[in-house]
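Structures incoming, each one as structure tokens.
Two complexes are shown next, each including chain A; its partner changes from chain B in the first to chain C in the second.
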Partner chain A sequence: MQLTNRSEVVVNKVMTFKERLYFPAIISGLVITVKHLFKKRATVKYPEEIRPVAPIYRGLHVLKRDEQGRENCTACGLCAVACPAEAITMTAAERKKGEEHLYREEKYAAVYEINMLRCIFCGLCEEACPKEAIFLTDRMLPSDMNRANFIFGKDKLVEGVSNDSRIDISKRTNAHRKD
Partner chain B sequence: MPKVTIDGHTIEVAEGTTILEAARMIGGEVAPPAMCFYSKLKTSGGYCRTCIVKVTKGSEKDPRPMPKPVASCRTPVMDGMEVQNKTAPDLVDARAGVVEFLLINHPLDCPICDQAGECHLQDLSYEHGLSKSRYDFKRREFDKIDIGPNIKLHMTRCILCYRCVKVAEQVCDSRVHGVLNRGDVSEISTHIEKALDSDFSGNVIDVCPVGALTDRTFRFKSRVWFTKPVDAHRDCKKCCGRSVLFMSGQEVLRVSVRKDTWGEVENTPEGNPGWLCNECRFEKKSASDWTIEGVRNIDRHSVISQNKYLEVKNLKIDVSNQKLIGEKAHN
Partner chain C sequence: MEFIIVKFVLVVVVFLVSLGIAAYSTYAERKIAAFLQDRVGPDRAGPFGILQPLADGVKMFMKEEIIPTHADKGLFILGPSIMMMTACMTGVVIPWGNTLIINGTEYPVQITDINIGILYIFGVVSIGVYGIMIGGWASNNKYSLMGAIRASSQMISYELAMGMSIIALVMMTGTLSIGEIVKQQEGMHWNVFVQPLGFILFIVCAFAECNRTPFDLPECETELVGGYHTEYSSMKLGFYLFAEYINMFISSAIIASLYFGGYNFPFIAQLGLPHNILTLLGTLIFFGKVFFFIFFFMWVRWTLPRFRYDQLMHVGWRVMIPLALFNILLTAVIVLWQNGQFN
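Showing the complex of A and B:
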């Protein structure tokens, strides 16, 4: 039974004189190669050049701080229970007196880890978060040679306090807004 | 014996049974929720109004309906009484109003609260409440108090159900706490920060339907849905020693009483409520102190059953037949 009309029956036919020269075939092959030199490239030179992504792109996570620089995350565990890949683990701790400028609520995440090898970047953690603490950003997950380096702790996830080290997520949140 | 019909289910109950108890005998959705009534504590109930039901027929002798919804925990059944709970849309609406009132002063700090996941107010507001509060005024504010070394009181979360006061009266040997002040400013407290040090004072944590009284030894240790509840017992001279251990690995994070379908303490085989003493609850925090009976059966709709897998013992791979061989541990 013939499945497609593109199949060709293989025959052991004798090559013609032109085919036996090979030269025209080499030339036509080279023409294709040279044509591609002048075509637009399919790849970009990452990381010098970054391909634009959709406003709702789900890349590397960030743990946000509020305007006063206090961590939003209160270790409620809803992201971890929502996570279908079970990539998130956390340990909570109680805020001490004098730490009010560091953490927004009386409980905070002392340890917060995302296993990036497990993460499928579905964004359910962001959806589950009641405190607007975790967001997915347009940043890419950097590659690494060591598996242990893919477990991102708070040192890699929490954004900085200073204005220029904040991670902008407005593009993403505005894209979700209905009005 | 009076016959009562609740949501179309007829049941014959003993004289003096309340509508709520009759509904619980039928079971399931028919039973109205209760925040303050606790069948194992005498004189409890009548405060929260979440158990209201609509009585469409008073009794066989006087078939007039009752003019207003009644608190089912305090209303005894009459012969031929007809009651509507879930089947009356106006009643469900009225209960949603009650829930909104309960939530007026509640801080809704569930992400922080240790009770989240097993909180009756959380379930109730999820089922009936609005997703947003309509209350614009300032909520009651109280400082957190440590009542003794083991119990934390968050008065802002309290709904004044009086269950803990009844525990102190009926289970503990002495009552050192109660409700101070009146009306909007009333609060559960020990007068001038006294500690609750009765042997059975830890039970106030288990009867609290919200997160007002929580276990300090479990404070912020873990979320309840990350723990693994197992039934366990030990020989204790003071109490029955039957408990649920909330474990993480081999570590016992919290010890609580066994609770039945209605969130109340289970009876022991002898028929007494299985209250736990403070020694069992707060000091026996090692798996070797207990005889573990097996994994506790948790309702699969509960968040506590999330992300729990069956344990498999002696896992082997049969290469020639491409099969996994193992035996299930516990249930």
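Showing the complex of A and C:
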């Protein structure tokens, strides 16, 4: 069966005189490589220049706050259960009086950690979350020299309160919508 | 006294320039490799990655210095030293330019124009083989030994063809002094036009002598881990790698001066510039030619795969040497005919 028109029948034939000279083949090879000298580079210079990603790209996680700046997460643990890589751990705590402006419901996550070296960025945590608290974003996981720094706590995961420090996830939520 | 000072300055300058060019050859190699493969290459250390050789040097010095327990310690250190020394020695007889006239005295821009310059280069280069052989032997490692055996047999077989391709040139020019050979190629009378076959043989052998692709079997990574420098680390490995680049620079300089007119360029007399300016211009032109050949070495490296060992020996003994002999015969006949011996 012929798949492409580039296929050649392989025979163990003796090389012709022209082939044994090597030079015609070498020169044509040199011409091919020197042509590549002037071609467009395929490199994307990563930190300065980010390759465009799909709207549903699953990158670094974010823990969302609601409109009033309160954390959505109630430490129900469904994300940790759903996580196939067992990357998520959390400790729940009860909201005290006077903390209503910080946490949306009576229970919240005192500690919420994702081990980014375990995480496979499957997005099941996001699917499992009943409170729209955790989302995957189009941000990339930064590199580091130390393994301990890859365990992301709430300091790195929770988005800021002010408007400009919010992480936009509208592209993802819209992409999920069927209508 | 003045003579000694001038020579000393020249020696230091040539030494530093060859080290600098060797260092930047590593950068150029990576850049050219990247460009030929549609990549960008090192671009993080300084603008366009121009400080990359420095970073590489620091890395080399910082690496752990390992001498294997079963290695012969003395020889293990001697290997890279010989390699580096011979690489630096060959630059002595290359005419980097014409003469400079300072205070009415004429100084040639060449450290020494010994009348057996070509023989000197061959002698020094063949000592370089010992650097590889001793390094490979002293490592007490089968891969190193295999690499060393390959390197020495390859270099010895190709040295023969190289020497014979030079003999034809020597018969034409009637001298072994490189300075004299360059002087004879004034203007556009480059030897490459009268010795095309000799030039092709010489450049192929130069590739083999420098252990460059397609003849880089001694360090064939796919079969021999790292070849003769498998056991080397830190700056001793750096010396081996560095010596290879110096050799490449010196080979390019030899090719440029033997076959491409050295510091000569066409219409040199018509410019009507002062002598010293012309000499400097000639030196620049010479370096231009050298850089082209360094580029050519790299260009070929990133184009061709390496030969199989039997193919290498076949090409060396059954193609290159007969062709070189034929070239000698042809040159001899033409030289005699030009001298009117057949009338």
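Just so we're on the same page, the second predicted complex is superposed on the first by the 145 of 179 C-alpha atoms of A that agree within 3 Å, B and C clash if a C-alpha of one lies under 4 Å from a C-alpha of the other, contacts with A are read in each partner's own complex, and residues count from 1 in each chain.
Simple rule for what comes next: contacts are C-beta pairs under 8 Å (C-beta built on N, C-alpha and C of every residue); 3 or more make two chains touch, one makes a residue touch a chain.
Source: prediction; values computed, not measured.
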item	value
Contacts of A:Lys97 with chain B and chain C, given as first, second, both or neither	neither
Contacts of A:Gly29 with chain B and chain C, given as first, second, both or neither	second
Contacts of A:Thr74 with chain B and chain C, given as first, second, both or neither	first
Partner chain in contact with A:Arg51 - chain B first, chain C second, else both or neither	neither
Which of chain B and chain C A:Lys13 touches, first, second, both or neither	neither
Contacts of A:Ala42 with chain B and chain C, given as first, second, both or neither	second
Common ground on chain A, meaning residues reached by chain C in one complex and by chain B in the other	none
Of all residues in chain C, those that touch chain A in their complex	35-40, 43, 200, 299-300, 302-304
In the complex, chain B residues that touch chain A	109-112, 116, 219-223, 225-226, 303, 306-307
Interfacial residue positions of chain A with respect to chain C in the complex	23, 26, 29-30, 32-34, 36-37, 39-43, 45
Complex contact set, residues of chain A against chain B	74-78, 80-81, 86, 92-94, 105-107, 130-131
